[in-house]
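Naming follows writing order (A, B, C and D), and every chain is counted from residue 1.
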Amino acid sequence: MSAPSLVSTRNLEFRFGARPVLRGLNLDLHRGESLAVFGSNGAGKTTLLRILATLLRPTGGEAFLDEVPLSARAQRSHLRRRIGFLSHQSMLYERLTARQNLHFYARMYGVDNRARRCAELLEMVELGGREDDPVEEFSKGMQQRLALARALVHDPELVLLDEPFSGLDPRASSRLGTLLQDLPRRGKAVLFTSHHLEMGLGVAHRVAILSGGSFAFDSPRESTSLEGLVAAYASLAGRGA
Amino acid sequence: MPRWLAAGREVAPLNATPPALVICVKDLQQELKTRESFTAAFFFALLVQLVFSFAFDFQSLGLGFQDVGAGVLWITLTFSSILSLQNSFVIEREKNCLAALALCPCDPSSVFLGKFLANLIFVLAVQAFVLPISALFFGYDLAAVALPLSLVVVVNAAGFSALGTLFAAISVRTRRSELLLPLLLFPAATPVVIWGVKATRLCLAGRGLEAYEYLVGLSACFGAIFAVAGVLLFDYVLEE
Amino acid sequence: MKNLNYLFWAYTLIWILLAVYLLSLSVRLRAVASQLRRLKSRLSPEEKT
Amino acid sequence: MERLDPMLRTIELVLFPVVAVLMVACLYCIFCVVPNEVTMGAVQRIFYFHVPSAWVAFLGFFVVFVASTLYLTTRQLVWDTLAHAAAELGVLFCAIVLLSGPIWARPAWGTWWTWEARLTTTLVLELVFVAYLVLRSQAESRDQAARLAAVVGIVGFLDVPLIYFSVKLWRGHHPIVFKSGGGEGLEPAMLKTFMLCMFTFTLFFSLLLALRFRLGLLQEDLAEIKDREMSPGA
């Protein structure tokens, strides 16, 4: 691919205290591409996502969105408008209704046509009809779906999802899978982490394994078999941080 | 010139609601739904007054309310404010909404201003209910001093909330935030409490505004200083 | 000279406070330094390999 | 940090004998040279330690302020280590002020504690910076402790004049400490001794700061080595 990548990192490093989490991680992700990142617990998947979401600042190296360094302070709000982030925690206000939550974030991101956008998203995550119920009455899966809608409320170009499949029933999982395939078609770049190798491989254009602080395995889907991925994961993920 | 520099700072569209206001409205919505902050602060304020009337038996000691009333009112206000300040950020921490706020494409100072505004409104709402009740309890004429007293309360509560919002955001990031907030806030808020008590005492004694306008001015300065400090420093508090 | 006992206690207390702090400083310094030495000696052979 | 350690050691080595000699000189002056104050008697001699302690405590809080600002602008943890060291010393010297103040107040005013402006300000400041130290101990990570503490350090320092002014408005009178027999101002011996004490305490503070700073740096090294040990393949 010759077009410049939407998101890239050069020698990204992150230390927690003195403990290195990421070491010299290089990543390139283009528009219209999705990448599934696997790795054992503590491999730094979440850290990577949080850095790309501008929530953490790397201790070394730099990450770029469209060649703009993520640390560029003057550009920060501009950058953040283009990034959507789904974290482990739902980032929803439990006492507010689904609609109020979405409207709040839509306002914060300055989304035009708020009402329509929110209705659209609620429909997409199949929460139509429940939009005026407080989030605390939702099941885990419903909350996860609403959290996903929240992350997409401002139609971000870069979509970062941390374990999006967790807490979803099979039906919702397959819906999410369809969505993750649909987003790249609309020119978005998607990066998500998962424990579920098969699901990730089925959805993403590329799969990568994070081990030892950088990508130890990074390959397009076409040239990866599930058996190969499982074998690679088994040999790499055991190697600690 | 690199492309990212040329792109220029993005300006929010004019018709958009300022983020600070959006946050404040969100907090009010939440509070209207549950009333948990108000209920807790209100009943706590009543309890404090109750304990005071037990502790200082005004009637048999022959104390008038203007002698100790200012102190009672300020202890009530500061202690109950701590509760709502705490709650205001505990709510944000529950599902890590704090991170979502930090990620919003607005200036971190807007988050501070929004939370500050919402906190101030809570404190004043609680006071609006507590003051009449304390007037009933302690038998002083609230109507006669209502206007100057509310000026004193508004200005000093603003100063207290400005510093309190900053410190609540700090303490909520630590383990045992509920212990840390009073520990941080009470000593640092000494000035605004002293000036508030002094002004309230003069006010309750029926003195004219000119007798304590300098105190109100000083409290306003206190509020301004820490509001500016909050605006400038909140970025570091929000950062993960 | 009046109030000599107050003077005596004031200086005694100040010196006790300072001594306690200095003692805690030296204890902490020594503990950290010895731990550092231990760790370094344990680490260095590993690093050579 | 490798650069700082020998420098701090040198400072300590140079300052230690100087401070020791000066401290002895101070004590000699305070107890053998200076005349008795007329109204307060011997107890006035507390002030040769009381006032310099207060000065040094404020100096400590000022260092916290400067180091905190530098930390937030440069993000070098060294500055935070310095701020932590200075805060601890500020709290220590504040405690000395709070200890020696009442001992003087008892014979002079007949009461242990008085809500007098400077004493109260010192108490409030002590509480602010004790809270600062508690905050540090309760933070979830080193970086977070540094960032949050820096904000509190800056805000706490901005608060100092406000606290002093407010307490002064609330309660007045601090004693005039140096009034000698003649009434024509300060006795020269008193002034000289006082200046000597101020100078000695400043150096003493610097010595302690260097020691405490070095301790902080060593602790940092230690934590780093421990972290590195826990993460394999480093």
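Rule of thumb we're sticking to: a contact is a pair of C-beta atoms (placed from the backbone, for glycine too) under 8 Å apart; a residue touches a chain by one contact, two chains touch by 3 or more.
Here the structure is a predicted model, which is why all the values come from computation and not from measurement.
S.K.: Looking only at C-beta pairs that count as contacts, which pair of chains has more of them, C-D or A-D?
M.R.: More contacting C-beta pairs are found at C-D.
S.K.: Which one chain sits nearest the middle, judging by mean Cα positions?
M.R.: Taking the mean of all protein C-alpha atoms as reference, the closest chain is B.
S.K.: Nearest whole angstrom, what separates the Cα centre of chain C from the Cα centre of chain D?
M.R.: Computed from C-alpha means, the inter-chain centre distance equals 17 Å.
S.K.: If you average the CA atoms of chain A and of chain D, how far apart do the two points sit, in angstrom?
M.R.: 49
S.K.: If you average the CA atoms of chain B and of chain D, how many Å lie between those two points?
M.R.: Roughly 32 Å, centre to centre.
S.K.: How many angstrom between the C-alpha centroids of chain B and chain A?
M.R.: The mean C-alpha positions of chain A and chain B differ by 37 Å.
S.K.: Give the residues of chain B that touch two or more other chains, as numbers and ranges in rising order.
M.R.: Correct list: 239.
S.K.: Two-or-more-chain contact residues of chain D, please, as numbers and ranges.
M.R.: 225-226, 228
S.K.: Once the touch criterion is applied, which pairs of chains come out as touching?
M.R.: Pairs satisfying the touch definition: A-B, A-D, B-D, C-D.
S.K.: Provide the residue numbers of chain B that touch chain D in the complex, in ascending order.
M.R.: Of all residues in chain B, those touching chain D are 163, 166-167, 170-171, 173-176, 180, 183-184, 186-188, 190-192, 194-195, 198, 215, 218, 222, 225-226, 229, 233, 236-237, 239.
S.K.: Can you check the complex and tell me which residues of chain A touch chain D?
M.R.: 16-20, 212, 239-241
S.K.: Which part of chain D faces chain B closely enough to touch in the complex?
M.R.: 72, 124-125, 127-128, 130-131, 134-135, 138-140, 144, 147-148, 150-152, 154-156, 158-159, 162-163, 165-167, 169-170
S.K.: Inside the complex, what are the residues of chain D that reach chain C?
M.R.: Chain D reaches chain C through residues 36, 40-43, 45-46, 49-50, 53, 92, 95-96, 99-100, 103-104, 106-107, 208, 211-212, 214-215, 218-219, 221-222, 225-226, 228-229.
S.K.: Where on chain D does chain A make contact in their complex?
M.R.: Residue list for chain D touching chain A: 141-143, 223-228, 230-234.
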